[in-house]
Amino acid sequence: MNPTNPNFAGEVRKSFAQQAMMHLIGAQLSLVEPGHVEITLPYRRDLTQQNGYLHAGIVTTIADTACGYAAYTLMPAGTGVLSVEFKVNLLRPAAGETFLSRAEVIKAGKTLTVVRADVFALTGDKRVLVATMQATIMCIRKVSEARP
Amino acid sequence: MNPTNPNFAGEVRKSFAQQAMMHLIGAQLSLVEPGHVEITLPYRRDLTQQNGYLHAGIVTTIADTACGYAAYTLMPAGTGVLSVEFKVNLLRPAAGETFLSRAEVIKAGKTLTVVRADVFALTGDKRVLVATMQATIMCIRKVSEARP
Amino acid sequence: MNPTNPNFAGEVRKSFAQQAMMHLIGAQLSLVEPGHVEITLPYRRDLTQQNGYLHAGIVTTIADTACGYAAYTLMPAGTGVLSVEFKVNLLRPAAGETFLSRAEVIKAGKTLTVVRADVFALTGDKRVLVATMQATIMCIRKVSEARP
Amino acid sequence: MNPTNPNFAGEVRKSFAQQAMMHLIGAQLSLVEPGHVEITLPYRRDLTQQNGYLHAGIVTTIADTACGYAAYTLMPAGTGVLSVEFKVNLLRPAAGETFLSRAEVIKAGKTLTVVRADVFALTGDKRVLVATMQATIMCIRKVSEARP
(Lines give C-alpha, C1' and ligand atoms only; values in the text may rest on other atoms or scores of the structure.)
Protein backbone atom coordinates (compact mmCIF):
# COMPACT_ATOMS: atom_id res chain seq x y z
CA MET A 1 0.00 0.00 0.00
CA ASN A 2 1.30 3.38 -1.01
CA PRO A 3 1.01 6.29 1.37
CA THR A 4 0.16 9.61 -0.29
CA ASN A 5 1.53 11.58 2.64
CA PRO A 6 5.33 11.16 2.82
CA ASN A 7 5.21 12.23 6.46
CA PHE A 8 2.54 9.67 7.42
CA ALA A 9 4.59 8.23 10.29
CA GLY A 10 5.26 11.63 11.81
CA GLU A 11 1.57 12.54 11.58
CA VAL A 12 0.53 9.31 13.29
CA ARG A 13 3.09 9.77 16.07
CA LYS A 14 2.01 13.36 16.62
CA SER A 15 -1.68 12.48 16.82
CA PHE A 16 -1.00 9.48 19.09
CA ALA A 17 0.93 11.73 21.47
CA GLN A 18 -2.17 13.94 21.70
CA GLN A 19 -4.36 11.06 22.89
CA ALA A 20 -4.46 11.62 26.65
CA MET A 21 -6.06 8.21 26.99
CA MET A 22 -2.95 6.45 25.65
CA HIS A 23 -0.88 8.09 28.39
CA LEU A 24 -3.40 7.16 31.07
CA ILE A 25 -3.28 3.45 30.24
CA GLY A 26 0.41 3.27 29.31
CA ALA A 27 -0.02 2.30 25.66
CA GLN A 28 2.83 2.76 23.19
CA LEU A 29 2.95 3.02 19.44
CA SER A 30 5.37 0.22 18.53
CA LEU A 31 5.11 0.13 14.73
CA VAL A 32 3.94 2.52 12.00
CA GLU A 33 4.10 1.33 8.41
CA PRO A 34 1.84 2.03 5.42
CA GLY A 35 -1.52 0.40 6.22
CA HIS A 36 -0.10 -1.30 9.31
CA VAL A 37 0.12 -0.06 12.90
CA GLU A 38 0.94 -1.80 16.16
CA ILE A 39 0.29 -0.71 19.75
CA THR A 40 1.75 -2.33 22.85
CA LEU A 41 0.25 -2.21 26.34
CA PRO A 42 1.77 -3.70 29.50
CA TYR A 43 -0.72 -5.38 31.84
CA ARG A 44 -1.76 -3.24 34.79
CA ARG A 45 -4.10 -4.24 37.59
CA ASP A 46 -6.07 -0.99 37.29
CA LEU A 47 -7.11 -1.84 33.72
CA THR A 48 -9.00 -5.01 34.61
CA GLN A 49 -12.57 -6.25 34.87
CA GLN A 50 -14.06 -8.27 37.75
CA ASN A 51 -11.99 -11.44 37.15
CA GLY A 52 -8.63 -9.70 36.84
CA TYR A 53 -8.42 -9.90 33.04
CA LEU A 54 -7.79 -6.84 30.89
CA HIS A 55 -11.13 -5.06 30.47
CA ALA A 56 -12.83 -5.61 27.09
CA GLY A 57 -13.03 -1.83 26.86
CA ILE A 58 -9.23 -1.58 27.02
CA VAL A 59 -8.79 -4.40 24.51
CA THR A 60 -11.11 -2.38 22.28
CA THR A 61 -9.29 0.88 23.00
CA ILE A 62 -5.95 -0.41 21.69
CA ALA A 63 -7.64 -2.18 18.77
CA ASP A 64 -9.61 0.91 17.74
CA THR A 65 -6.62 3.22 18.06
CA ALA A 66 -4.46 0.90 15.96
CA CYS A 67 -7.21 0.66 13.31
CA GLY A 68 -7.62 4.41 13.14
CA TYR A 69 -3.91 5.04 12.68
CA ALA A 70 -3.45 2.17 10.21
CA ALA A 71 -6.08 3.91 8.06
CA TYR A 72 -4.50 7.31 8.72
CA THR A 73 -1.11 6.21 7.29
CA LEU A 74 -2.78 6.07 3.87
CA MET A 75 -4.69 9.35 4.04
CA PRO A 76 -3.59 12.62 2.40
CA ALA A 77 -1.78 15.31 4.38
CA GLY A 78 -4.04 17.77 6.17
CA THR A 79 -6.86 15.34 6.84
CA GLY A 80 -8.16 13.88 10.09
CA VAL A 81 -9.39 10.45 11.07
CA LEU A 82 -12.57 9.24 12.80
CA SER A 83 -13.88 5.81 13.80
CA VAL A 84 -17.28 5.21 12.21
CA GLU A 85 -17.98 1.81 13.73
CA PHE A 86 -16.28 -1.38 14.86
CA LYS A 87 -17.13 -4.90 15.85
CA VAL A 88 -15.07 -6.94 18.28
CA ASN A 89 -15.15 -10.67 18.99
CA LEU A 90 -13.61 -11.52 22.35
CA LEU A 91 -12.04 -14.92 21.87
CA ARG A 92 -10.23 -15.77 25.09
CA PRO A 93 -9.69 -14.18 28.54
CA ALA A 94 -7.29 -11.26 28.11
CA ALA A 95 -4.63 -12.65 30.44
CA GLY A 96 -0.97 -11.82 29.81
CA GLU A 97 2.05 -9.71 30.70
CA THR A 98 1.73 -7.49 27.65
CA PHE A 99 -0.88 -6.92 24.98
CA LEU A 100 -0.18 -6.29 21.32
CA SER A 101 -2.74 -4.80 18.97
CA ARG A 102 -1.89 -5.22 15.29
CA ALA A 103 -4.05 -3.44 12.72
CA GLU A 104 -3.93 -3.88 8.95
CA VAL A 105 -5.92 -2.09 6.28
CA ILE A 106 -8.13 -4.40 4.22
CA LYS A 107 -9.50 -1.78 1.84
CA ALA A 108 -8.47 1.86 1.65
CA GLY A 109 -10.99 4.27 0.15
CA LYS A 110 -11.16 7.99 -0.41
CA THR A 111 -13.78 8.45 2.32
CA LEU A 112 -13.95 5.10 4.15
CA THR A 113 -11.24 2.60 5.01
CA VAL A 114 -11.87 -0.88 6.37
CA VAL A 115 -9.32 -2.21 8.84
CA ARG A 116 -8.87 -5.39 10.83
CA ALA A 117 -7.08 -5.58 14.17
CA ASP A 118 -5.97 -8.62 16.16
CA VAL A 119 -5.13 -8.28 19.84
CA PHE A 120 -2.66 -10.76 21.30
CA ALA A 121 -1.77 -11.53 24.93
CA LEU A 122 1.96 -12.12 25.36
CA THR A 123 3.37 -14.10 28.29
CA GLY A 124 7.05 -15.00 28.04
CA ASP A 125 7.40 -16.60 24.60
CA LYS A 126 3.72 -17.42 24.34
CA ARG A 127 1.35 -15.40 22.16
CA VAL A 128 -2.39 -15.92 22.23
CA LEU A 129 -5.04 -14.23 20.10
CA VAL A 130 -7.60 -12.75 22.51
CA ALA A 131 -9.75 -10.54 20.30
CA THR A 132 -10.32 -9.50 16.71
CA MET A 133 -11.86 -6.27 15.39
CA GLN A 134 -13.35 -5.26 12.04
CA ALA A 135 -13.61 -1.49 11.78
CA THR A 136 -14.72 1.29 9.42
CA ILE A 137 -12.62 4.46 9.59
CA MET A 138 -13.46 7.79 7.95
CA CYS A 139 -11.19 10.41 6.46
CA ILE A 140 -12.28 13.94 7.32
CA ARG A 141 -11.09 16.88 5.29
CA LYS A 142 -10.61 19.25 8.19
CA VAL A 143 -10.33 18.25 11.82
CA SER A 144 -12.93 20.87 12.67
CA GLU A 145 -15.42 19.27 10.30
CA ALA A 146 -18.59 17.89 11.87
CA ARG A 147 -19.11 14.14 12.13
CA PRO A 148 -20.45 12.00 9.28
CA MET B 1 -38.37 -9.19 32.60
CA ASN B 2 -38.24 -11.41 35.65
CA PRO B 3 -34.96 -11.90 37.47
CA THR B 4 -34.38 -15.45 38.74
CA ASN B 5 -31.84 -14.25 41.31
CA PRO B 6 -33.61 -12.17 44.00
CA ASN B 7 -30.26 -10.62 44.90
CA PHE B 8 -29.47 -9.57 41.31
CA ALA B 9 -28.81 -5.94 42.23
CA GLY B 10 -26.42 -6.87 45.04
CA GLU B 11 -24.52 -9.21 42.73
CA VAL B 12 -24.18 -6.56 40.04
CA ARG B 13 -22.98 -3.96 42.53
CA LYS B 14 -20.45 -6.39 44.01
CA SER B 15 -19.04 -7.33 40.61
CA PHE B 16 -18.93 -3.70 39.45
CA ALA B 17 -16.95 -2.77 42.57
CA GLN B 18 -14.39 -5.43 41.58
CA GLN B 19 -13.77 -3.82 38.19
CA ALA B 20 -10.56 -1.87 38.79
CA MET B 21 -11.11 -0.20 35.42
CA MET B 22 -14.34 1.48 36.62
CA HIS B 23 -12.41 3.08 39.49
CA LEU B 24 -9.62 4.23 37.18
CA ILE B 25 -11.97 6.13 34.88
CA GLY B 26 -14.42 7.30 37.55
CA ALA B 27 -17.50 5.43 36.28
CA GLN B 28 -20.49 4.87 38.55
CA LEU B 29 -23.33 2.40 38.49
CA SER B 30 -26.35 4.70 38.52
CA LEU B 31 -29.24 2.27 37.95
CA VAL B 32 -29.73 -1.50 38.29
CA GLU B 33 -33.13 -2.94 37.35
CA PRO B 34 -34.10 -6.26 35.79
CA GLY B 35 -32.71 -6.21 32.24
CA HIS B 36 -31.72 -2.56 32.53
CA VAL B 37 -28.47 -1.01 33.80
CA GLU B 38 -27.10 2.52 33.61
CA ILE B 39 -23.55 3.79 34.11
CA THR B 40 -22.53 7.41 34.50
CA LEU B 41 -19.12 8.86 33.72
CA PRO B 42 -18.02 12.47 34.22
CA TYR B 43 -15.82 13.90 31.46
CA ARG B 44 -12.12 13.91 32.24
CA ARG B 45 -9.34 15.27 30.07
CA ASP B 46 -7.23 12.13 30.53
CA LEU B 47 -9.91 9.96 28.89
CA THR B 48 -9.77 11.69 25.53
CA GLN B 49 -8.55 11.08 22.00
CA GLN B 50 -6.55 13.49 19.84
CA ASN B 51 -9.35 16.06 19.41
CA GLY B 52 -10.32 16.26 23.06
CA TYR B 53 -13.46 14.09 22.76
CA LEU B 54 -14.05 11.08 25.00
CA HIS B 55 -12.07 8.19 23.48
CA ALA B 56 -14.17 5.67 21.53
CA GLY B 57 -12.56 3.02 23.73
CA ILE B 58 -14.03 4.66 26.84
CA VAL B 59 -17.43 5.08 25.19
CA THR B 60 -17.20 1.35 24.48
CA THR B 61 -16.02 0.54 28.01
CA ILE B 62 -19.10 2.03 29.65
CA ALA B 63 -21.41 0.58 26.97
CA ASP B 64 -19.93 -2.93 27.30
CA THR B 65 -19.99 -2.86 31.10
CA ALA B 66 -23.63 -1.73 31.13
CA CYS B 67 -24.55 -4.47 28.62
CA GLY B 68 -22.81 -7.16 30.65
CA TYR B 69 -24.57 -6.19 33.86
CA ALA B 70 -27.97 -5.70 32.21
CA ALA B 71 -27.68 -9.33 31.09
CA TYR B 72 -26.34 -10.39 34.50
CA THR B 73 -29.46 -9.06 36.30
CA LEU B 74 -31.44 -11.87 34.62
CA MET B 75 -28.95 -14.73 35.22
CA PRO B 76 -29.27 -17.34 37.98
CA ALA B 77 -27.34 -17.00 41.24
CA GLY B 78 -23.83 -18.48 41.20
CA THR B 79 -23.14 -17.75 37.54
CA GLY B 80 -20.69 -15.37 35.89
CA VAL B 81 -20.91 -13.11 32.88
CA LEU B 82 -18.69 -12.66 29.81
CA SER B 83 -18.86 -10.43 26.73
CA VAL B 84 -18.83 -12.56 23.59
CA GLU B 85 -18.87 -9.74 21.03
CA PHE B 86 -20.17 -6.27 20.46
CA LYS B 87 -20.60 -3.76 17.67
CA VAL B 88 -20.55 -0.02 18.19
CA ASN B 89 -21.63 2.77 15.85
CA LEU B 90 -20.11 6.11 16.79
CA LEU B 91 -22.72 8.69 15.82
CA ARG B 92 -21.40 12.06 16.98
CA PRO B 93 -18.29 13.43 18.71
CA ALA B 94 -18.39 12.37 22.37
CA ALA B 95 -18.40 15.92 23.74
CA GLY B 96 -20.16 16.61 27.05
CA GLU B 97 -19.88 17.18 30.78
CA THR B 98 -21.12 13.71 31.67
CA PHE B 99 -21.76 10.52 29.77
CA LEU B 100 -24.62 8.13 30.39
CA SER B 101 -24.61 4.56 29.15
CA ARG B 102 -28.04 2.91 29.22
CA ALA B 103 -28.26 -0.83 28.43
CA GLU B 104 -31.43 -2.85 27.93
CA VAL B 105 -31.79 -6.56 27.28
CA ILE B 106 -33.42 -7.37 23.94
CA LYS B 107 -33.48 -11.15 24.31
CA ALA B 108 -32.45 -13.13 27.38
CA GLY B 109 -31.42 -16.74 26.83
CA LYS B 110 -30.08 -19.55 28.99
CA THR B 111 -26.61 -19.26 27.47
CA LEU B 112 -26.62 -16.07 25.40
CA THR B 113 -28.29 -12.73 26.00
CA VAL B 114 -28.49 -9.93 23.45
CA VAL B 115 -28.33 -6.40 24.79
CA ARG B 116 -28.41 -2.91 23.31
CA ALA B 117 -26.72 0.12 24.87
CA ASP B 118 -27.05 3.78 23.99
CA VAL B 119 -24.42 6.25 25.16
CA PHE B 120 -25.52 9.86 25.65
CA ALA B 121 -23.45 13.01 26.18
CA LEU B 122 -25.06 15.33 28.72
CA THR B 123 -24.32 19.08 28.82
CA GLY B 124 -26.57 21.13 31.09
CA ASP B 125 -30.09 20.12 30.06
CA LYS B 126 -29.01 18.85 26.67
CA ARG B 127 -28.73 15.15 25.92
CA VAL B 128 -27.21 13.85 22.70
CA LEU B 129 -26.92 10.23 21.52
CA VAL B 130 -23.24 9.68 20.69
CA ALA B 131 -23.01 5.91 20.22
CA THR B 132 -25.06 2.74 20.13
CA MET B 133 -23.93 -0.82 20.84
CA GLN B 134 -25.42 -4.23 20.03
CA ALA B 135 -23.81 -6.95 22.17
CA THR B 136 -23.89 -10.68 22.86
CA ILE B 137 -23.29 -11.64 26.49
CA MET B 138 -22.69 -15.18 27.80
CA CYS B 139 -23.70 -16.78 31.07
CA ILE B 140 -20.97 -18.97 32.48
CA ARG B 141 -21.77 -21.60 35.09
CA LYS B 142 -18.67 -21.10 37.20
CA VAL B 143 -16.43 -18.06 37.08
CA SER B 144 -13.43 -20.39 36.76
CA GLU B 145 -14.92 -21.96 33.63
CA ALA B 146 -12.91 -21.57 30.47
CA ARG B 147 -14.12 -19.20 27.75
CA PRO B 148 -16.76 -20.17 25.16
CA MET C 1 -37.24 13.58 10.43
CA ASN C 2 -37.57 15.89 7.47
CA PRO C 3 -37.04 14.55 3.97
CA THR C 4 -35.21 16.96 1.63
CA ASN C 5 -36.56 15.20 -1.44
CA PRO C 6 -40.33 15.75 -1.71
CA ASN C 7 -40.56 12.70 -3.99
CA PHE C 8 -38.72 10.42 -1.55
CA ALA C 9 -41.45 7.76 -1.55
CA GLY C 10 -41.58 7.59 -5.33
CA GLU C 11 -37.79 7.28 -5.52
CA VAL C 12 -37.76 4.44 -2.98
CA ARG C 13 -40.57 2.58 -4.80
CA LYS C 14 -38.81 3.00 -8.14
CA SER C 15 -35.48 1.70 -6.82
CA PHE C 16 -37.16 -1.19 -4.96
CA ALA C 17 -38.89 -2.24 -8.19
CA GLN C 18 -35.45 -2.43 -9.83
CA GLN C 19 -34.17 -4.93 -7.27
CA ALA C 20 -34.55 -8.25 -9.11
CA MET C 21 -33.81 -10.01 -5.82
CA MET C 22 -36.98 -8.64 -4.22
CA HIS C 23 -39.05 -10.17 -7.02
CA LEU C 24 -37.26 -13.51 -6.73
CA ILE C 25 -38.07 -13.89 -3.04
CA GLY C 26 -41.52 -12.26 -3.11
CA ALA C 27 -40.73 -9.30 -0.84
CA GLN C 28 -43.00 -6.25 -0.83
CA LEU C 29 -42.48 -2.68 0.24
CA SER C 30 -45.27 -2.21 2.77
CA LEU C 31 -44.46 1.21 4.24
CA VAL C 32 -42.36 4.22 3.20
CA GLU C 33 -42.21 7.18 5.56
CA PRO C 34 -39.41 9.65 6.32
CA GLY C 35 -36.69 7.64 8.07
CA HIS C 36 -38.90 4.57 8.31
CA VAL C 37 -39.40 1.71 5.83
CA GLU C 38 -41.08 -1.67 6.16
CA ILE C 39 -40.78 -4.75 3.98
CA THR C 40 -43.04 -7.81 4.14
CA LEU C 41 -42.11 -11.30 3.01
CA PRO C 42 -44.40 -14.35 3.03
CA TYR C 43 -42.75 -17.61 4.11
CA ARG C 44 -41.71 -19.86 1.27
CA ARG C 45 -40.14 -23.29 1.56
CA ASP C 46 -37.46 -22.45 -1.02
CA LEU C 47 -36.09 -19.63 1.18
CA THR C 48 -35.11 -21.90 4.08
CA GLN C 49 -32.01 -23.34 5.70
CA GLN C 50 -31.48 -26.95 6.75
CA ASN C 51 -34.08 -26.95 9.54
CA GLY C 52 -36.88 -25.35 7.54
CA TYR C 53 -36.52 -21.87 9.07
CA LEU C 54 -36.13 -18.77 6.90
CA HIS C 55 -32.44 -18.58 5.94
CA ALA C 56 -30.41 -16.01 7.91
CA GLY C 57 -29.33 -14.64 4.54
CA ILE C 58 -32.96 -13.86 3.66
CA VAL C 59 -33.61 -12.36 7.08
CA THR C 60 -30.58 -10.17 6.37
CA THR C 61 -31.73 -9.38 2.83
CA ILE C 62 -35.01 -7.84 3.98
CA ALA C 63 -33.33 -6.09 6.92
CA ASP C 64 -30.58 -4.61 4.75
CA THR C 65 -32.99 -3.49 2.03
CA ALA C 66 -35.27 -1.82 4.58
CA CYS C 67 -32.26 -0.07 6.18
CA GLY C 68 -30.98 1.19 2.85
CA TYR C 69 -34.34 2.65 1.86
CA ALA C 70 -35.06 4.10 5.30
CA ALA C 71 -31.81 6.05 4.89
CA TYR C 72 -32.67 6.88 1.27
CA THR C 73 -35.94 8.60 2.26
CA LEU C 74 -33.83 11.34 3.87
CA MET C 75 -31.28 11.80 1.08
CA PRO C 76 -31.36 14.60 -1.50
CA ALA C 77 -32.80 14.03 -4.97
CA GLY C 78 -30.35 12.68 -7.54
CA THR C 79 -28.29 10.64 -5.10
CA GLY C 80 -27.86 6.91 -4.69
CA VAL C 81 -27.61 4.63 -1.70
CA LEU C 82 -25.10 1.94 -0.70
CA SER C 83 -24.77 -0.37 2.32
CA VAL C 84 -21.38 0.15 3.95
CA GLU C 85 -21.71 -2.51 6.66
CA PHE C 86 -24.24 -4.16 8.92
CA LYS C 87 -24.37 -6.40 11.94
CA VAL C 88 -27.16 -8.84 12.63
CA ASN C 89 -28.04 -10.70 15.82
CA LEU C 90 -30.23 -13.73 15.17
CA LEU C 91 -32.43 -14.01 18.24
CA ARG C 92 -34.86 -16.86 17.59
CA PRO C 93 -35.57 -19.38 14.80
CA ALA C 94 -37.15 -17.52 11.89
CA ALA C 95 -40.40 -19.52 11.93
CA GLY C 96 -43.63 -17.83 10.85
CA GLU C 97 -46.20 -17.33 8.09
CA THR C 98 -44.93 -13.88 7.17
CA PHE C 99 -41.87 -11.82 8.02
CA LEU C 100 -41.83 -8.10 8.62
CA SER C 101 -38.66 -6.02 8.49
CA ARG C 102 -39.00 -2.57 10.07
CA ALA C 103 -36.11 -0.12 9.68
CA GLU C 104 -35.74 3.23 11.41
CA VAL C 105 -33.01 5.81 11.01
CA ILE C 106 -31.07 6.47 14.23
CA LYS C 107 -28.81 9.20 12.88
CA ALA C 108 -28.96 10.78 9.44
CA GLY C 109 -25.77 12.35 8.13
CA LYS C 110 -24.67 14.02 4.92
CA THR C 111 -22.50 11.07 3.96
CA LEU C 112 -23.34 8.28 6.41
CA THR C 113 -26.65 7.30 7.98
CA VAL C 114 -27.02 4.78 10.79
CA VAL C 115 -30.16 2.66 10.74
CA ARG C 116 -31.62 -0.09 12.89
CA ALA C 117 -33.92 -2.83 11.59
CA ASP C 118 -35.97 -5.37 13.52
CA VAL C 119 -37.27 -8.48 11.77
CA PHE C 120 -40.45 -10.06 13.15
CA ALA C 121 -42.03 -13.43 12.42
CA LEU C 122 -45.81 -13.20 12.23
CA THR C 123 -48.08 -16.21 12.79
CA GLY C 124 -51.78 -15.47 13.15
CA ASP C 125 -51.94 -12.72 15.78
CA LYS C 126 -48.52 -13.55 17.21
CA ARG C 127 -45.48 -11.41 16.49
CA VAL C 128 -41.98 -12.50 17.52
CA LEU C 129 -38.72 -10.58 17.13
CA VAL C 130 -36.31 -12.91 15.31
CA ALA C 131 -33.41 -10.63 14.41
CA THR C 132 -32.06 -7.13 14.81
CA MET C 133 -29.64 -5.24 12.56
CA GLN C 134 -27.47 -2.18 13.06
CA ALA C 135 -26.32 -0.77 9.71
CA THR C 136 -24.28 2.04 8.16
CA ILE C 137 -25.63 3.36 4.86
CA MET C 138 -23.82 5.74 2.50
CA CYS C 139 -25.17 8.47 0.26
CA ILE C 140 -23.44 8.56 -3.11
CA ARG C 141 -23.61 11.62 -5.28
CA LYS C 142 -24.00 9.80 -8.58
CA VAL C 143 -25.04 6.20 -8.96
CA SER C 144 -22.11 5.70 -11.32
CA GLU C 145 -19.69 6.82 -8.59
CA ALA C 146 -17.16 4.26 -7.39
CA ARG C 147 -17.59 2.66 -3.95
CA PRO C 148 -16.42 4.35 -0.72
CA MET D 1 -7.49 -27.95 13.22
CA ASN D 2 -8.60 -31.42 14.18
CA PRO D 3 -12.15 -32.53 13.45
CA THR D 4 -13.71 -34.72 16.17
CA ASN D 5 -16.27 -36.12 13.76
CA PRO D 6 -14.52 -38.32 11.16
CA ASN D 7 -17.54 -37.91 8.89
CA PHE D 8 -17.51 -34.10 9.08
CA ALA D 9 -17.48 -33.63 5.30
CA GLY D 10 -20.42 -35.97 4.78
CA GLU D 11 -22.40 -34.17 7.47
CA VAL D 12 -21.71 -30.78 5.93
CA ARG D 13 -22.69 -31.98 2.45
CA LYS D 14 -25.88 -33.56 3.77
CA SER D 15 -26.92 -30.41 5.63
CA PHE D 16 -26.04 -28.16 2.70
CA ALA D 17 -28.22 -30.30 0.42
CA GLN D 18 -31.13 -29.66 2.81
CA GLN D 19 -30.84 -25.87 2.44
CA ALA D 20 -33.58 -25.08 -0.06
CA MET D 21 -32.16 -21.58 -0.31
CA MET D 22 -28.87 -22.87 -1.78
CA HIS D 23 -30.80 -24.56 -4.59
CA LEU D 24 -32.87 -21.45 -5.25
CA ILE D 25 -29.83 -19.26 -5.82
CA GLY D 26 -27.61 -21.89 -7.46
CA ALA D 27 -24.87 -21.98 -4.81
CA GLN D 28 -22.48 -24.93 -4.65
CA LEU D 29 -20.30 -26.29 -1.92
CA SER D 30 -16.88 -26.25 -3.56
CA LEU D 31 -14.55 -27.16 -0.66
CA VAL D 32 -14.97 -28.79 2.77
CA GLU D 33 -11.88 -29.12 4.94
CA PRO D 34 -11.46 -28.97 8.71
CA GLY D 35 -12.24 -25.39 9.72
CA HIS D 36 -12.41 -24.26 6.11
CA VAL D 37 -15.38 -24.22 3.71
CA GLU D 38 -15.89 -22.60 0.31
CA ILE D 39 -19.08 -21.88 -1.57
CA THR D 40 -19.31 -20.85 -5.22
CA LEU D 41 -22.17 -18.91 -6.80
CA PRO D 42 -22.49 -17.96 -10.48
CA TYR D 43 -23.86 -14.48 -11.14
CA ARG D 44 -27.54 -14.38 -12.01
CA ARG D 45 -29.58 -11.31 -12.93
CA ASP D 46 -32.36 -12.27 -10.52
CA LEU D 47 -30.01 -12.06 -7.52
CA THR D 48 -29.22 -8.37 -7.95
CA GLN D 49 -30.01 -5.06 -6.33
CA GLN D 50 -31.06 -1.85 -8.07
CA ASN D 51 -27.72 -1.26 -9.84
CA GLY D 52 -27.31 -4.79 -11.18
CA TYR D 53 -24.71 -5.88 -8.59
CA LEU D 54 -25.17 -9.04 -6.52
CA HIS D 55 -27.49 -8.11 -3.63
CA ALA D 56 -25.73 -7.61 -0.28
CA GLY D 57 -28.21 -10.11 1.13
CA ILE D 58 -26.92 -12.78 -1.26
CA VAL D 59 -23.30 -11.89 -0.54
CA THR D 60 -24.23 -12.37 3.11
CA THR D 61 -26.10 -15.61 2.41
CA ILE D 62 -23.06 -17.33 0.95
CA ALA D 63 -20.75 -15.85 3.60
CA ASP D 64 -23.01 -16.94 6.48
CA THR D 65 -23.52 -20.44 5.07
CA ALA D 66 -19.78 -20.91 4.58
CA CYS D 67 -19.10 -19.68 8.14
CA GLY D 68 -21.70 -22.01 9.64
CA TYR D 69 -20.31 -25.06 7.86
CA ALA D 70 -16.66 -24.14 8.53
CA ALA D 71 -17.58 -24.19 12.24
CA TYR D 72 -19.63 -27.38 11.79
CA THR D 73 -16.61 -29.31 10.41
CA LEU D 74 -15.08 -29.10 13.90
CA MET D 75 -18.19 -30.00 15.93
CA PRO D 76 -18.91 -33.45 17.40
CA ALA D 77 -21.21 -35.92 15.64
CA GLY D 78 -24.90 -35.57 16.46
CA THR D 79 -24.83 -31.81 16.97
CA GLY D 80 -26.39 -28.98 15.00
CA VAL D 81 -25.20 -25.54 14.01
CA LEU D 82 -26.77 -22.08 14.34
CA SER D 83 -25.61 -18.58 13.42
CA VAL D 84 -25.63 -16.34 16.50
CA GLU D 85 -24.57 -13.11 14.81
CA PHE D 86 -22.43 -11.75 12.02
CA LYS D 87 -21.05 -8.48 10.79
CA VAL D 88 -20.33 -7.76 7.16
CA ASN D 89 -18.30 -4.97 5.58
CA LEU D 90 -19.19 -4.43 1.94
CA LEU D 91 -15.95 -3.29 0.31
CA ARG D 92 -16.62 -2.98 -3.40
CA PRO D 93 -19.58 -3.45 -5.79
CA ALA D 94 -20.30 -7.17 -6.10
CA ALA D 95 -19.71 -7.31 -9.85
CA GLY D 96 -18.36 -10.51 -11.40
CA GLU D 97 -19.09 -13.72 -13.30
CA THR D 98 -18.83 -15.92 -10.23
CA PHE D 99 -18.63 -15.32 -6.50
CA LEU D 100 -16.50 -17.31 -4.08
CA SER D 101 -17.11 -17.29 -0.34
CA ARG D 102 -14.20 -18.65 1.69
CA ALA D 103 -14.71 -19.16 5.43
CA GLU D 104 -12.03 -20.05 7.97
CA VAL D 105 -12.40 -20.73 11.67
CA ILE D 106 -10.49 -18.27 13.86
CA LYS D 107 -11.33 -19.84 17.22
CA ALA D 108 -13.25 -23.07 17.80
CA GLY D 109 -14.97 -23.48 21.16
CA LYS D 110 -17.21 -26.07 22.76
CA THR D 111 -20.25 -23.82 22.50
CA LEU D 112 -19.20 -20.87 20.30
CA THR D 113 -16.94 -20.73 17.26
CA VAL D 114 -15.73 -17.53 15.65
CA VAL D 115 -15.31 -17.61 11.87
CA ARG D 116 -14.22 -15.16 9.21
CA ALA D 117 -15.41 -15.24 5.60
CA ASP D 118 -14.14 -13.35 2.59
CA VAL D 119 -16.30 -13.05 -0.52
CA PHE D 120 -14.51 -12.60 -3.84
CA ALA D 121 -15.88 -11.61 -7.26
CA LEU D 122 -14.21 -13.58 -10.05
CA THR D 123 -14.10 -12.31 -13.64
CA GLY D 124 -11.85 -14.23 -16.01
CA ASP D 125 -8.52 -14.42 -14.17
CA LYS D 126 -9.30 -11.45 -11.94
CA ARG D 127 -10.28 -11.88 -8.31
CA VAL D 128 -11.52 -8.99 -6.19
CA LEU D 129 -12.44 -8.99 -2.49
CA VAL D 130 -15.96 -7.57 -2.26
CA ALA D 131 -16.96 -8.30 1.34
CA THR D 132 -15.68 -9.67 4.61
CA MET D 133 -17.67 -11.21 7.47
CA GLN D 134 -16.88 -11.88 11.13
CA ALA D 135 -19.37 -14.36 12.61
CA THR D 136 -20.23 -16.21 15.82
CA ILE D 137 -21.60 -19.73 15.32
CA MET D 138 -23.15 -21.91 18.02
CA CYS D 139 -23.05 -25.68 18.48
CA ILE D 140 -26.41 -27.07 19.59
CA ARG D 141 -26.63 -30.47 21.18
CA LYS D 142 -29.83 -31.57 19.46
CA VAL D 143 -31.23 -29.99 16.35
CA SER D 144 -34.62 -29.79 18.10
CA GLU D 145 -33.10 -27.72 20.91
CA ALA D 146 -34.46 -24.23 21.34
CA ARG D 147 -32.30 -21.23 20.35
CA PRO D 148 -29.65 -19.75 22.66
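Each chain gets a letter, A, B, C and D, in the order it is written, and its residues are counted from 1.
Here is the rule we use: contacts are C-beta pairs under 8 Å (C-beta built on N, C-alpha and C of every residue); 3 or more make two chains touch, one makes a residue touch a chain.
Keep in mind it's a predicted model, so treat the numbers as computed, not measured.
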Two candidates, A-C and C-D; the one with more touching C-beta pairs is C-D
Measuring from the mean C-alpha position of chain C to the mean C-alpha position of chain D, what distance in angstrom results?
22
Provide the C-alpha centroid distance between chain A and chain C, rounded to the nearest whole angstrom.
32
The positions of chain D in contact with two or more other chains are 84-85, 87, 89, 91-92, 136, 147
Looking only at which chains touch which, which shape fits best: line, ring, star, complete or other?
complete
Considering the complex alone, what residue numbers of chain B touch chain A?
15-16, 18-21, 23-24, 45-51, 55-58, 60-62, 64-65, 80, 82-93, 143, 147
Chain D partner, complex, touching residues on chain A are 87, 89, 91-92, 106-107, 114, 116, 129, 132, 134, 136
Give every residue of chain C touching chain A within the complex, in rising order.
84-85, 87, 109-112, 114, 136, 138, 147-148
